[in-house]
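For reference, the structure discussed in these notes is given below.
Letters are used for the chains, namely A, B, C, D and E, taken in the order the chains are written, and counting of residues starts over at 1 for each.
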């Protein structure tokens, strides 16, 4: 019984939250990784792209809600996703046309594109805030829990509760599906391969008859989809606020890179590493251990390795260590 | 090698002091292995390069020649085995230390400094330049100026020799494929080396110019006592300068001898030379 | 210009870059009115010193360089203004001198990319390429960037063959390949040309190349210096001495 | 020529600020511009010259800021009595444990070393925490609302600038030793992470410099305005130039800073230019272009990378110390990567990487914009909405979000500049 | 003739969602003054906004400098976050002799800042609220708590003083964990806090920032179900978002007994400004005090504000509530004395900061119910 309680505590406070958070980071990292591997730069506007796509989704959700359309126990926002993706895709394609295309033609160094994307980030930043404002927006509806802590206790008779939110479940499932789909797309389909070819050697891609503009367009549309999905799921789970999306950029980049930038599996793995290291190293193991050890041997201290003040720092230390052992990330990413 | 570096005069005579050494091995390779995952690119290579020789290294594509060079020159760590230079164990030493011991190499795929001019590409080569210390860069301008003048002169000589002096201020990245290879060779001429490893200097180089390059290699060898190890697929070139020739296949030494001996070797013909029109013509 | 083979044959050549003048970006002219052409079923070889503009001329024919003067015609049609991709779709195949493989993709994927514009089943062609370069079959799952120099060269040529082009342009296809493979490659090129496919190539292994060439161009400083059949050029002692290494 | 024209443009912008807005505003921009230019110079040294992608600028700037506190603030004797020395001992112990682990890793054989290192590091960590935690608690208990930290050495604040440089250099050495083997973006994220760690330490280790509770009222190398205003001689002099005492005193102080900062910038710029145009600079560019070949040509790439990484970081540290001195306070939570890392990068790239003068120009120009886009954005919004009917929903909405024009304007200007000068305003050669 | 009042708040950056209401409230007060027609002969108060960014001292300093030297503002309502407030104070306000009244910089450290008599704040120093909150917990007989605070000078100072007061009174703190604002995910913090345990979770953060995230996360995982909250957490939006789950939670918020706050709410709601957000009341009061001090001094000048703020803010005199600014002006005009009460029961003590009366509230039936005042 006690062992079970201990496991439930562990699942409730470590496994489930870290897995959900990890998937959220992973979804963001997939977008970053895609741009990096095909268009060859680190896109700093990705956080704000997520915010923009989510905003469009929210506006559409409100529309649906006011029209009385719902999605049963699932959040209505899922229905509105296509609209959000469409909006984000339009924005990205327009940006590419007006901004990135020029630099591509000039064949500038990647770092210049990074800086250009910072400029784009500033603009998206303002755009989102102009339209929906800087405030918190709550747009989640439907059933909040697959299983709430209270229900779990009542159901199992255990002392400890286990909660699983609908959004957490959706996020994890989506992350895996999207990862598999992306992997399949890039490695098995003709378009996917042509995208990789373009990213590898632009001139030679041209000589093989690959239309670079098409590759770029497809990439941006995929990125729009990934960013909007990631942003919407994140917003459903927490709440939408433009500023948070900007802040997410850092852990997202960390995830993409520690997993090996350019690699979809790496992005997923990276997301989990960052999320788990944040939680595990700052978790106070007192309660779990208390359940696990025999009566009378419960620990007095908190059994916390580091204060939560350092949770971000911990994940970066892990990141640096991983990179020192595998200099191009876990899954052999590229480097330019 | 104290005065390596700003040594004026392209082809001054070092042979007077050292003399082309007879048969003492300058480089010795013992049971060298380099594996990539499960693939054995170099698989127990064993041979010697005698001091003062120009050794040719040939073998089919993928035989492990470039990998072997990379291991000897410190660019790749060996999986196992040892490399000796002058009896000293140099296995795994970083390339920059090997450079200072007098071991130079060129790359099969040209590694030019693309945003620098051809002249700068050459001038940066000599080691121990006073100007490469920050202190001198700030407070020893006078010394640097002298040193630079000497370097400049030498670099221009080399460029002249390579027939690309009209490109001295062109960015190396803008050179043609063959010109890059010339520049690559030019770098080894900027300093006094003991042993130079040339990885396919000839690929992509005009044959007339290649003849001149062969001439130079011979002169450097004779007059300055350089030892060479040359990878090349052009048998004319090999035949003109190399003795002995080592044939590698599947990561190991397949045969060694003079070019004529090699050409007569059935195994070599089958793995490498073939019996195609070209070689028939060559033998004729 | 004496002995222009195309003229002699009386018909317009299949592919011709005529009186091309141009350079990189806004830089100085590299090509000074040079002309290169190839007939159906013919092998044309370009030789010349390093930096003469051979590769530049090839790129110009392929549209990777803006021409300031002159024109490019394929099968009588003026394609001077077409983009490189469009030229690929018109049936031109090209192996550049450098950066001619997708380094991060496997050998097989490199070949597949060669067949990118083809809608038919290309596995037959792929088998042919593997037969030509057996080593590639062994390494087909390996990233092309991990291959040896000569193996890369084989991948590059294989990729171009996959296109099933109507005209094949090769920039130093034999640089760095072993004699046995070089012979095979030349044999294969002859074979390909026999099927009616024109082949235009730059070579530094000039003697071997001119031996199989129907037509040879010697380019010096961006202009045609000598033109003739392969045999003519080989027989010309001036050409031999200054460009073919004696 | 172009260089001259662009610098003249920046000068005109700053002077224009002086005429249109006020001389105080102009000087404030100038002063931070000078500081920014030094940071940009540091980044340019690392990236433009050696190709090191350091995205941890923030960390070095922060360390420089910390140096100001540790150098110039008066020590807190109570805190030292309560646990200062124990903290020092704990830190020494921690450093020793790390050194021992590294030694063990290098000396011991393959099988043993992992275990040995784990044991040493584990024991070291426990001992370190056992010694540190109570000492820290004791220090932080000393009057937490206004101190709770160990204070500094009480030395003149100008000394903090070189100290900031040295401290940053020390940190850079540690980082360089561990992370410089990484390639481009991997190095970037590692440095980004390390910078976050540095700031996290500064935020959470209250005993060091009060953490997020901030250090305010740091010593200054210039007189206080109020003192000047109270000095009759000064007031008289000011009046003789036709200034009122307040304006004169504020200008006086700012000009004081400007002169000091300019001196530092000019000195550093001269050194940087000498280095760039020497064989050393040529070697660095060669390394940037092709490390493998440079290594084969006898250049010790690792050592040179470390050297230039330390130098560049040192400049950031010096600039960080100068900035904290100018601000008169240390507020760790204000160290945000957007402002202290990416903005500096924007300066370098907009100015022209690889060109020291470009970096300096970028420093001035981008800083000017960063400050002035706010009024520009407001003005622009005013123009846009001028035509709309008063009280219309859209107009209200737009005016309500006018503050967001700030970053948007910044973005637009950046894109426009980079459009017309994709390799920076003053490209390398 | 116009007199400019600078409004320096973080319109972009981590508290960008709070600042519009804060600025709105301040401008509301200024508008009330202007509309009353009783202000100094022909002088109109003009609010001039500038962005403090909340975190970037240099940008805030530059913005403030522009306000003072270019726009010529005579007083500053702001800044918001303690860090930038300190910077603006020492780099711009003091050198130029311009007074500042901050509505929200609550760091205890600012009490000691070198201000030359120019710095005031309408929010109390967190040193005091810590004691108040500890007292509330004692009253409820709670002896073991876990604490989480927003990792800035406000949160940390607040947590320090709370911890001191609570342990002094014999309580046990199982774990103090900070949280960063603006970082949506708080699993790690909640995990640690839940494991440490405690009867309630003390949340010293912001209602639309990390504080809310923490509570939401704690509720979702069932880690805690009762929360004790500091002033930053007080907002209607919180109740609206989290609904019944907050039932029984409680907290403290600077507040006045009496109608001041309600008067402000009505006023704000009429004007379309969100009243029920953090520091709106304090912002209104700060702006009102600036205007009233000018009136008292008889001129729209910096010196007048600096000299008279304490006078108009404190007794003796006629109490003034929000909405009664016109009346106050009349009284001052006629040489009378006022005691500005405002929305937060302003009483400036010591170096010119709010003495701080606090409302002890509990959430019942989905609304804030006052338990008592402290």
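Going forward, a residue touches a chain if its C-beta (ideal position, glycine included) is under 8 Å from a C-beta of that chain, and two chains touch if they have at least 3 such contacts.
These numbers come from a predicted model, not from an experiment.
Peer 1: Minimal path length between subunit D and subunit E through chains that touch?
Peer 2: The least step count works out to 1.
Peer 1: Need the most distant chain from subunit A, centre defined as the mean of C-alpha atoms.
Peer 2: Centre of mass proxy via C-alpha means gives B as farthest from subunit A.
Peer 1: Subunit B to subunit E: how many Å between their CA centres?
Peer 2: 75
Peer 1: Averaged over CA atoms, how far is the centre of subunit A from the centre of subunit D? Could you give it in whole Å?
Peer 2: 30
Peer 1: Measure off the straight-line distance from the CA centroid of subunit B to the CA centroid of subunit D, and report it in whole Å.
Peer 2: Comparing mean C-alpha positions, subunit D is 46 Å from subunit B.
Peer 1: For subunit A, write out the residues touching at least two other chains, lowest number first.
Peer 2: Residues 129, 133-134, 307, 309, 312 of subunit A touch two or more partner chains.
Peer 1: Where in subunit D do residues touch at least two different other chains?
Peer 2: 203-204, 404, 406-407
Peer 1: Which subunit E residues sit where two or more other chains touch them?
Peer 2: 12, 16, 20, 151, 178
Peer 1: Every pair of chains that touch: which are they?
Peer 2: A-C, A-D, A-E, B-C, B-D, D-E
Peer 1: If you look only at subunit C, which of its residues touch subunit B in the complex?
Peer 2: Contacts found on subunit C: 24, 27, 48-52, 54-56, 97-98, 135, 146-151, 153-154, 172, 175-184, 186-187, 204-208, 211, 241-246.
Peer 1: So in the complex, the part of subunit E that touches subunit D is made up of which residues?
Peer 2: 11-12, 16, 20, 49-51, 55-59, 61-63, 65-66, 68-70, 82-84, 86-87, 90-91, 94-97, 107-114, 116, 127, 151-153, 155-157, 160-161, 164, 178
Peer 1: Which residues of subunit D touch subunit A in their complex?
Peer 2: The touching residues are 47, 53, 178-179, 181-186, 188-190, 192-194, 196-197, 200-201, 203-204, 337-338, 342, 345-346, 349-350, 353, 397-398, 401, 404-408, 410-412, 414-415, 418-419, 422-423.
Peer 1: For the complex, which residues does subunit C have touching subunit A?
Peer 2: Spelled out, the residues of subunit C in touch with subunit A are 62, 64, 83-85, 88-89, 93-94, 96, 99-105, 109, 112-114, 116-117, 159, 163.
Peer 1: List the residues on subunit B that touch subunit D in their complex, please.
Peer 2: 73, 75, 94-96, 99-100, 104-105, 107, 111-116, 120-121, 123-125, 127, 129-134, 136-138, 141, 144, 147-148, 187
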